[in-house]
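The next part holds the structures, each set out as C-alpha cells.
One chain, chain A, appears in both complexes that follow, with chain B as partner in the first and chain C in the second.
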Partner chain A sequence: MIRKMEKEYAGAKLGIWLFLFTEILLFGGLFLLYATYLSSYPREFAIAGREMHLGFGTANTILLITSSLFAAMSVTAVQQGEIRKVLNLLGATIICAMIFLVNKYFEWSSEIGHGFYPDSPRFSAGPIGEALFFSLYYLTTGLHGFHVLAGVGLLTVVALKVRRGAIHAGDYVLLENSALYWHLVDLIWIFIFPLYYLVL
Partner chain B sequence: MADIEKDSHHIIRYPKLVMVWVFLLLLTGLTVWVSRLDLGVLHVWGSLAIAVMKAFLVIAFFMHMRYEGRLLRGLLLLTLVTLAIFIGFTFFDLSYR
Partner chain C sequence: MNSSNHPTLPLTSFWNDTGKCGVSAWVFSTDHKRIGLLYLYSVLISFLVAVLIGLLLKIELMAPGRTIMGPVTYNALFTVHGVLMIFLFIIPGFPGVFGNLVMPIQIGASDVAFPRLNLLSWWLYITGALTIVLSLFTGGGPPDTGWTFYVPFSVRTGTNVSLAVIGVFIVGFSSILTGINFVTTIHRLRADGMAWGRLPLFVWSIYATAWIQILATPVLGITLLLVVAERLLGTGLFDPSRGGDPIMFQHLFWIYSHPAVYIMILPGMGIVSEIFPVFARKPIFGYKMIAFSSLAIAGAGSLVWAHHMFTSGISDMAVLVFSFLTFVVAIPSAIKVFNWVSTLYKGSISLEAPMLFALSFIMLFSIGGLTGLVQGAAATNIHIHDTQFVVGHFHYVIFGGAGFAFFSAMHYWLPKFFGRTYSEKPAMISWGLMFAGFNLTYFPMIILGMKGMPRRYYDYLPEFAPLNLISTIGSWILAAGLAIMMINLFMGLLKGRPFGSNPWGGATLEWTTPSPPPTENFDEEPVVTHGPYDFNRAGVP
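Coming up: the complex of A and B.
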C-alpha cells in the first residue's frame, strides 16, 4: 500500500513538471519573439521601453517573490502537519497575487490612457517597432496575468481542501503541485521584469 | 537548520526558505541598480545573468529541484536545451541574413 502511494506521488510530480515544461516553452516562444524584434528594431524598442513604469514592475516583482516564499513555506508547513499555518500562508499567497493584479490594472490603465495600445492613433502614425513592443508587452504580461488568475483559483481550491481535511501531512501532493505551478508564475515574471522594464 | 528527510520526502526548514527569499530580494535590488548604470549592450547580458541566478534559486529551493531524482533533473535540462536550441538557431538565421 505504501509503495503504491509512493508511485502515485512520483507520477503526480512527474505530471506537473511535464506541464510546467510546456509552459516554459510557451513563454520561451514569446521571449524569442521579443529577442528577434529587439534585434530588428533596437531604436524603437528603446524609445517604447522608456515609457514603462519601473515602480509598478519592481513592486510586482517583490510581491511575486514574496508570494512564492509563502507558497514554499506552506509546503513545509503541511509536511509538518501545521494545518493552521498552511491556511494562513496560502491566504497570504493569494493576497499577494490579488495586489499584483490590482497593480497590473492601474499600470495598464495608465498606459492605455497615454495612448499606448494596439492600433492607437499614436502607433498608427509612428514607426512599427514601438507598436510591436507594446503588442508583445500586452500579450506577454496578459498571458502571465491569466496564469496569476488561474493560480489564485487553484490555491483557493487547495486551501478549501486543506480546511476540509482532504489535504494533510499524509497526502499533500495537490498542495505541492499547486505551489510548483505558482513558482512557475514567479519564474516567468523573473524574466519578464528585466526584459520589459530594465534592459531598454 | 538541517533539513529533514521523511519517507523519501524532503522537508526544507523555514529559515532556509527565508534566506533564499532574502537573496532573491537582493538580486532584484542589484538588477534595478545595474539597469541605471550606463553599460550599453552589457545591460541585456547583465540583467539576464541576474535573472538566471534568481531562476536557479527559485527552481533549486522553492521548487525542491535540488532534492529531486535524476528523472526530473534530466527533463528540466532537456527543456532548457530545447529552448536554447530554438532561440540560438533563430539567431543563426537572423544574424547571417
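Coming up: the complex of A and C.
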C-alpha cells in the first residue's frame, strides 16, 4: 500500500513535468516567430518596442515573481501542516495574479487607445514590421494572460480543497503541482518581459 | 453495449463485474478497457464516414470532367476526408484504442497512471470531433483548404476554417493528455519483474509515440490558434502584404505534422512486432534493435519536417540538410523490416487473419517507405511534388501500413476483450479483397503522379483516364473487402464462438488473463519472470 502511494506521488510529479514541457513548446511557437521577425525587421521592432510601457512591465514582473515566492512558501507550509498559513499564502498568490491582470488591462487599453493594434489605421499606413511586433505582443501576452487566469482558477480550487481538508501534510501533490504550474507561468513571463520591454 | 450482448460471459469480466453496464457507466468509466472500446467505436465511425467520402472522391475521378460533383464540392470533400482520417481516426486511433486496451495489461498494471485524465482525453476527443462536424454545417460550410490548412488560402477562404481548426486544436489537447498519461504509466506502473528489457515491443512503440504526442502536438496547437487569430483579428503574421511570412506557417505546421505521421505508423510497427513472433512460433529477432529503432524514428523523425517544403522557397542548404535527415529516418525503418523478415525466417508460420494483415503490412509499408525516399531526394521531389504520387505514397504508408496494422490488431486483440471471436474464412477473404483492392487503388496513383497528374483536382487530362478508372474500380474492391471484414469481425465479436484466454499461444501478459479480462485485469498482481517472446513459458507471467 505504501509503495502504491509512492508510485502515485512520483507519477503525478512526472505527469506535471511533462505537461510543463508541452506548455513551453506551445509558447515556443510564438518565440520562434518573434526570433524570425526580429531578424527580418530589426529596425521596426526597435521603434515599436519603444512604445512599450516599461513601468507596467516592471510592476508585473515584480508581482509575478513575488506571487511565485508565495506559491513556493505555501508548499513548505503544507508540508509542515500549517493550514492557516497555506490559505493566506495562496490568497496572496491569487491577489498578486489579479493585480497583474488589472495592470494588463490598463496597459492594453492605453496601447489600443494609442492605435497600436492589428489592422489599425495607424499601422495600415506605417512600415509593416511594427504591426507584426504588436500582433506578436498581443498574442503572446494574451496567451500568457489566459494562463494567469487559468492559474487563478486552479489556485482557488486548490485553496478550497485545502480548507476542506482534502489537501494536507500527508497528501499535497495537487498543491505542489499547481505551484509548479504557477512557476511556469512566471518563467514564461521572465522571457516575455526582456524580449518585449527591455532588449529593443 | 450492455450485458445482454453477452448472455453467456462469465460474471468476472470488465463487461459486468462492477455490476454497472448502463450508458453512463461507460461514458463516465475510468476503466482503460472501457475507454479503449469507446475510442474504438468513435474512431471507427469517423473512419467509415471518411471511407465513404473517399469512395465519392474516387467516383468523381473515374472519368475526366465533372462526374458527380463540381470543384467546390470536391475541394470540401477531400479536406473533410483528410481531416477525419488524420485527426479523428489514425492519430487518436492507435493510442486511444490499442494503447488503452492492451498497453496497461501488457505491462502488468491494473489501469493507466491517471484514469480520470484518460476519461477526460476521450471527452476532449468527442468535443473536438463534434466541433469539426459542426464546422461542416455552419458558417461558410465545410473547409476546402486540404487537411494541412495552408495559409494564405486558409485565411482568405470564406468556408468555416476557424471552427474546424478549433476542433482539431481540442483533439490535439486530448492527444497530449494521452501521451502524458502513457509515458507516466510506462515509467511508473510496470509490474514487478517487468524490466525495460522485457517490455513487449508494442509498449515500446506506444512509448515512443507518446513522446511525439507530448513534444510535437503543442506546436500544432499554437499554429492553429494563430490561423484563427489571422482570420478573426487580422494579425498578419502569415500575410506577406503585411510583413508576415507564409513559409513560417509551413514550418510550424510540419514541425508537428511530420512527427505526427510517426504517431500514425509507430504503433502499427509495434503491433506487427507482436504478431510475427506469435504466428511464426519464434522469438522476435533483434528485440533491442526494434525497440531502439522506435525511439530513433521518433527522434530523427522530429528533424525532417522541411522535406514537405522543398518547392516552397527554402534555401538550397536547408533542402540538402533536410533531404539528408530524411534518408537517416530510413535506417531505423529498414532495421525493423529486416528484423521482421529475420523473425519469419525458418519460423513455423501459420497464416491466420492477424498474420495476413501483418504480412501485407511489410510489403505495403515498404512500397510506401521507398516511394517516400523518392520524395525525400531533393531532385526527384521537384518532379513529383504535389502530384498523385504523393497521394499514392501517403496511402501506402498510412493505409497500407498503419491501417492494415490496425486491422491486424483488431483481429488479434479485440476477441480478447469481447470473449468471442470471428470466423476465419470470411476474415481471410476480406483480407484478400482488401489487399488486391488496395494495390489496384493506390498503385495507379503512383504511376499517374510520375506522369504528371496533379493532386487535389476534380478533373484531369484525357490521357490519365485509364489508370484513374482502374483506381476507382480498385476502390470498390477495397471497400467490399472492408465491409466484409467489419461485418464478420463485429458479428463474431458479439455472437461468435467463445475465445479462450490464450488460443494463439502468445507469451505477453495479456494472454495470461481471462478473455475478457476482469476490471482489475489480473486476479493477483503478476510477477513477471520471462521476456515477452519466451514461448516456452507462454501463459504464465
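Everything that follows uses one rule, which is that the second predicted complex is superposed on the first by the 200 of 200 C-alpha atoms of A that agree within 3 Å, B and C clash if a C-alpha of one lies under 4 Å from a C-alpha of the other, contacts with A are read in each partner's own complex, and residues count from 1 in each chain.
Here, a contact is a pair of C-beta atoms (placed from the backbone, for glycine too) under 8 Å apart; a residue touches a chain by one contact, two chains touch by 3 or more.
Remember, predicted model here, so these are calculated numbers, not experimental data.
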item: Partner, of chain C and chain B, that touches more residues belonging to chain A; value: B
item: Which superposed partner A:79 touches (first chain B, second chain C, both, neither); value: first
item: Contacts of A:21 with chain B and chain C, given as first, second, both or neither; value: both
item: Contacts of A:112 with chain B and chain C, given as first, second, both or neither; value: neither
item: First (chain B), second (chain C), both or neither touched by A:69; value: first
item: First, second, both or neither for A:166, with chain B first and chain C second; value: neither
item: First (chain B), second (chain C), both or neither touched by A:183; value: first
item: Which superposed partner A:35 touches (first chain B, second chain C, both, neither); value: first
item: Which of chain B and chain C A:136 touches, first, second, both or neither; value: second
item: Contact residues common to both interfaces of chain A (with chain B and with chain C); value: 14, 18, 21, 25, 28, 32, 36, 40
item: Chain A residues within the chain B interface of the complex; value: 2, 6, 13-14, 17-18, 21, 24-25, 28, 31-32, 35-36, 39-40, 54, 58, 61-62, 65-66, 68-69, 71-73, 75-76, 79-80, 179-180, 183, 186-187, 190-191, 193-195, 197-199
item: Partner chain A, residues of chain C touching it in the complex; value: 113-114, 117, 176, 179-181, 183-185, 187-189, 214-215, 217-219, 221-223, 225-226, 229, 233-237, 242-245, 248, 252
item: Sites on chain A touched by chain C in the complex; value: 7, 10-12, 14-15, 18-19, 21-23, 25-30, 32-33, 36-37, 40-41, 44, 118-119, 128-129, 131-132, 135-136, 138-139, 143
item: Chain B residues touching chain A - in the complex, by the definition given at the top; value: 6-9, 11-14, 17-18, 20-21, 24-25, 28, 31-32, 34-35, 43-44, 47-48, 50-51, 54-55, 58-59, 61-64, 68, 71-72, 75-76, 79-80, 82-83, 86-87, 90-91, 94
